[in-house]
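In what follows, a single structure is set out as structure tokens and then discussed.
Here the chain labels run A, B, C and D in written order, and each chain numbers its own residues starting at 1.
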Amino acid sequence: MAEYTSNEMMTIAAARALRNEDVCFVGIGAPSAASNLARLTHAPDITLIYESGTIATKPTVLPLSIGDGELCDTALTTVAVPEMFRYWLQGGRVTVGFLGGAQIDKYANLNTTVVGPYDKPKVRLPGGGGAPEIATNCGEIFIIMSQGKRSFVDKLDFITSLGFGEGGDHRERLGVKTKGPTKLVTDLCVFEPDATTKEMTVVTIHPGVTREQIDANTGWKVRYADKVGETPAPTAKELEELRALHARTAKAHGDQA
Amino acid sequence: MAEYTSNEMMTIAAARALRNEDVCFVGIGAPSAASNLARLTHAPDITLIYESGTIATKPTVLPLSIGDGELCDTALTTVAVPEMFRYWLQGGRVTVGFLGGAQIDKYANLNTTVVGPYDKPKVRLPGGGGAPEIATNCGEIFIIMSQGKRSFVDKLDFITSLGFGEGGDHRERLGVKTKGPTKLVTDLCVFEPDATTKEMTVVTIHPGVTREQIDANTGWKVRYADKVGETPAPTAKELEELRALHARTAKAHGDQA
Amino acid sequence: MPRFSSLHDAIATNIKDGDTVAMEGFTHLIPHAAGHEVIRQGRKHLTLVRMTPDLIYDQLIGMGCADKIIFSWGGNPGVGSLHRLRDAIEAGWPNKLAIEEHSHSAMANAYEAGAANLPFAVLRGYIGADLPKVNPNIKSVTCPYTGEKLATVPAIRPDVTVIHALRADKAGNVMLEGILGVQKQAVLAAKRAIVTVEEVVDDFGPRNLNATILPAWTLSAVCVVPGGAHPSYAQGYYKRDNAYYKAWDAIARDRDGFLAWMKTNVLESGPEAFAPHAQRLAAAE
Amino acid sequence: MPRFSSLHDAIATNIKDGDTVAMEGFTHLIPHAAGHEVIRQGRKHLTLVRMTPDLIYDQLIGMGCADKIIFSWGGNPGVGSLHRLRDAIEAGWPNKLAIEEHSHSAMANAYEAGAANLPFAVLRGYIGADLPKVNPNIKSVTCPYTGEKLATVPAIRPDVTVIHALRADKAGNVMLEGILGVQKQAVLAAKRAIVTVEEVVDDFGPRNLNATILPAWTLSAVCVVPGGAHPSYAQGYYKRDNAYYKAWDAIARDRDGFLAWMKTNVLESGPEAFAPHAQRLAAAE
């Protein structure tokens, strides 16, 4: 089997979660790589939407920003940003929202706003952008994040976007009808929410990773499913497509330097 | 001087009220003829907007409907109907709304909804369409209507769109900041609102028309300005342009029969 | 993904008795062929939603398909009354017709709110007008910032929206151009959507980057019906049949004359009857 | 009607100290040249509104032009932080910066409400999120029909909106294409509007019937500034300068380095410096 990095494993595992018939609202960075990898492998007809308004876009290279010209050039059509948020996201037309974040807790609430107090931040992060409404208006949410004690924390300084709140039926009590985060893919493993408590629970571990590693990189006591499997290793085809995508991207961005 | 009909006099007098710099929201029928005549004579740069979404349209022939292809073909651009009503009309971008109506009262309130009770109408008219919001969101309103006792009535069965309500400062009391009907042009004369009472007041009478004729064709006791002038008769140029417009229109509509 | 079907099957599958149905098209692109198919299939008790009922709803109402109409301007544009609509409201023929009446601005906003998955729309509207006295669905909210009172209307969320568009590509994406009306909003506000088109093209080719396109996955059925908007029109294909609109006045004025016309031209006809009209109008240009 | 002017005069005439200014452009068509001109003219105490502050506001904030920022995502897209924005918020350099923070959806809706002359916007938003706890301008209304509680935000009504567009015709009408962002809404929501364009054409020629066009009479000034969006981009003219965005991270990280860069590249420069960037990027394709 080919060598691969933990980051490649993460992107590939995340890509696999997407289905050919999904309409996916794509966040920039890792979600964008995973979504386009899905499109280039098992989900050629997937509809990718970026918040810049591009619908059914098929970029040849990964965009650096959420609104590179490549996204518009290869889209079925491009709508204004208010329409994107009103008719398409809030309109309930998106089956999967694909998010990353700076910090996450065990109920998959995300923080991309501040570390420290809001009024006197230790680190001012970029903020929510589309995430607060992506989190509640998409059919379900996939999250992709590298694990570490500073990012997988017991308590968030700020809830930028809702996961399962305090767990259990908290989303329902807030009047939210969508599923929330059904999958959290990291560089170590894959989490899914427990059916009742909604705590994010490890369901598969990437090849060669140990529970000790996962525990050491998580700021809460990690819950494991009764039957934890092994994440299938990347196939040659997956690795090939992902690396080619990154190579094309580096070349395109480098060309402009 | 050339012969002309009272209907031609009405259209020409109404056209003259429009200025080259106006943005005019055009109703179908007589308002459309008057607005396009203005464009073809003294106001070549006037912006004509139809509620079908066409902005800065320059039709060669008069449309039969509010959305003939001719309007779109000759427009600067065409927007969707919700945008037309939200950004352009409600957005306060229109200086003049040009309306007709089935019935009018002395405060220039209009009825195009029902004759008789609403729930058991004697005559069911088409309804308000754009008029209720045109009446309050345009900078000012021009009205064009043929006079007659059945259309110029003492009391409306139904107020479809607001003129000056009960007169005086009624518009202000309703929170409306626009001017309302500043001109009512008929086949007999031109009315403008009294500065204080807002009752529509005859300011000029068309050539050859008598006060007796006006009184006989109005369902309320007509008020005349202290100094009533004579409406200037149509010029040869005005008549020529209007007749050519009607001839082109008849030919275009006839061609399709 | 491309859900191409016959017009017969699209209507049979997607429109049921008692449904709330919006057939939209603002003068341009009115889905007349689809309206005829609904009449032929004998749908009953529909709530018909449309800003400008036009001939299409005059026919549906006259044939007894509707229990209620939600509308904002019910005339034959530039000609006069819709006689079947008036007869239903004034005399209850062929059945009593409930009405919910709005202004254009309110209806356009209500479709827009429906597309945005909001339960209501806010507008600066109806001030000093009598409609709020007779339509209990016109209410108000107070702005939480300025204290202003603004009118509200409920969002329109049809069971089915039916529109006519210019063309579809082979994947079933649908393009609109010209006078767009409220069609996009009406489709996105609905549970199900049927689109008739003039033609199917291999792909849309070079086009405006912001072309108005409804992706295939927003649609329940796409049906190829050339001329399907007639006597309305399809920009770039054929013009509005203004003479037909004028002729309708006499046809619809009389109940028996109307029924006879409908028997010949609708009940005993089919969607294929529309193409010759379009060809004639296109040739006349 | 065509209000063509130099960028210098457009900014001098239309933007005053203390104004609320929206410079919009969603990744595409960001009006960087206009931002530089505001800095050169030394405007102070501005309230800057923008969904994605980007380098343009990092520069304005770092040069002390702003008292407050209203925004929804303040980063260097795909690169990292906006260091000048962070320094102002975290350390009050060069002055204390008040913030009003929203989500993208809320900001987009707020511009939309502004364009529609409504005092507030309604959205299904902010549920379970902490922003409403720290932003008192996020409130709610109850739907008069369903009883649902929905989030509200005040409409954005800038004193001035500044955008960059592809081209104007000789009459001063302005066309946009590609990623449209919130520019049309931001212009229509504002009291005054300045547009920089890549070029002026005799007329727009054959075009989509629904092309996004701002009529001349909606604009206060139109200025021809080729390359005026750089390092953002103009679809069909030049690409986004992603390398420049990456390089900005190092330039902005250090206060003195930032000031030195601004002196050379902004204070001692002018709008004509933008065209060569665009030419280089266009040639690289």
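Keep in mind that, in the parts below, contacts are C-beta pairs under 8 Å (C-beta built on N, C-alpha and C of every residue); 3 or more make two chains touch, one makes a residue touch a chain.
On a predicted model such as this, the values are computed, not experimentally measured, just so you know.
Between subunit A and subunit B, the least number of touch steps comes to 2.
In terms of the distance between Cα centroids, subunit B is separated most widely from A. In whole angstrom, the spacing between the mean C-alpha positions of subunit C and subunit D is 39. As a whole-number value, the distance joining the C-alpha centres of subunit A and subunit D reads 28 Å. Within subunit B, the positions touching two or more other chains are listed as 72, 78-80, 86, 90, 137.
Looking at subunit C, one finds that residues 117-118, 123-124, 148, 178, 180, 184-185, 209-212, 235 touch two or more other chains. Per the contact rule defined earlier, chains pair up in contact as A-C, A-D, B-C, B-D, C-D. Of all residues in subunit B, only 28-29, 51-54, 63-69, 71-72, 78-82, 84-86, 89-90, 109, 113, 118-119, 121-133, 135-137, 158-162, 165, 170-171, 174-176, 253-257 touch subunit C in the complex they form.
Residues of subunit A that touch subunit C in their complex: 21, 23, 45, 47, 55-56, 72, 75-80, 86-87, 90-93, 137.
By the touch rule above, subunit D contacts subunit A in their complex via residues 26-28, 51-52, 71-75, 77-79, 81-82, 85-86, 89-90, 101, 103-105, 108-109, 111-112, 123-131, 134, 148-149, 178-182, 184-185, 233, 235, 239-243, 245-246, 281, 284. The touching residues of subunit C, when paired with subunit A in their complex, are 1, 115-118, 173, 184-185, 188, 209-213, 215, 217-218. Residue ranges on subunit D touching subunit C, taken from their complex, read 117-120, 122-124, 137, 139-146, 148, 150, 152, 154, 177-178, 180, 207-212, 235.
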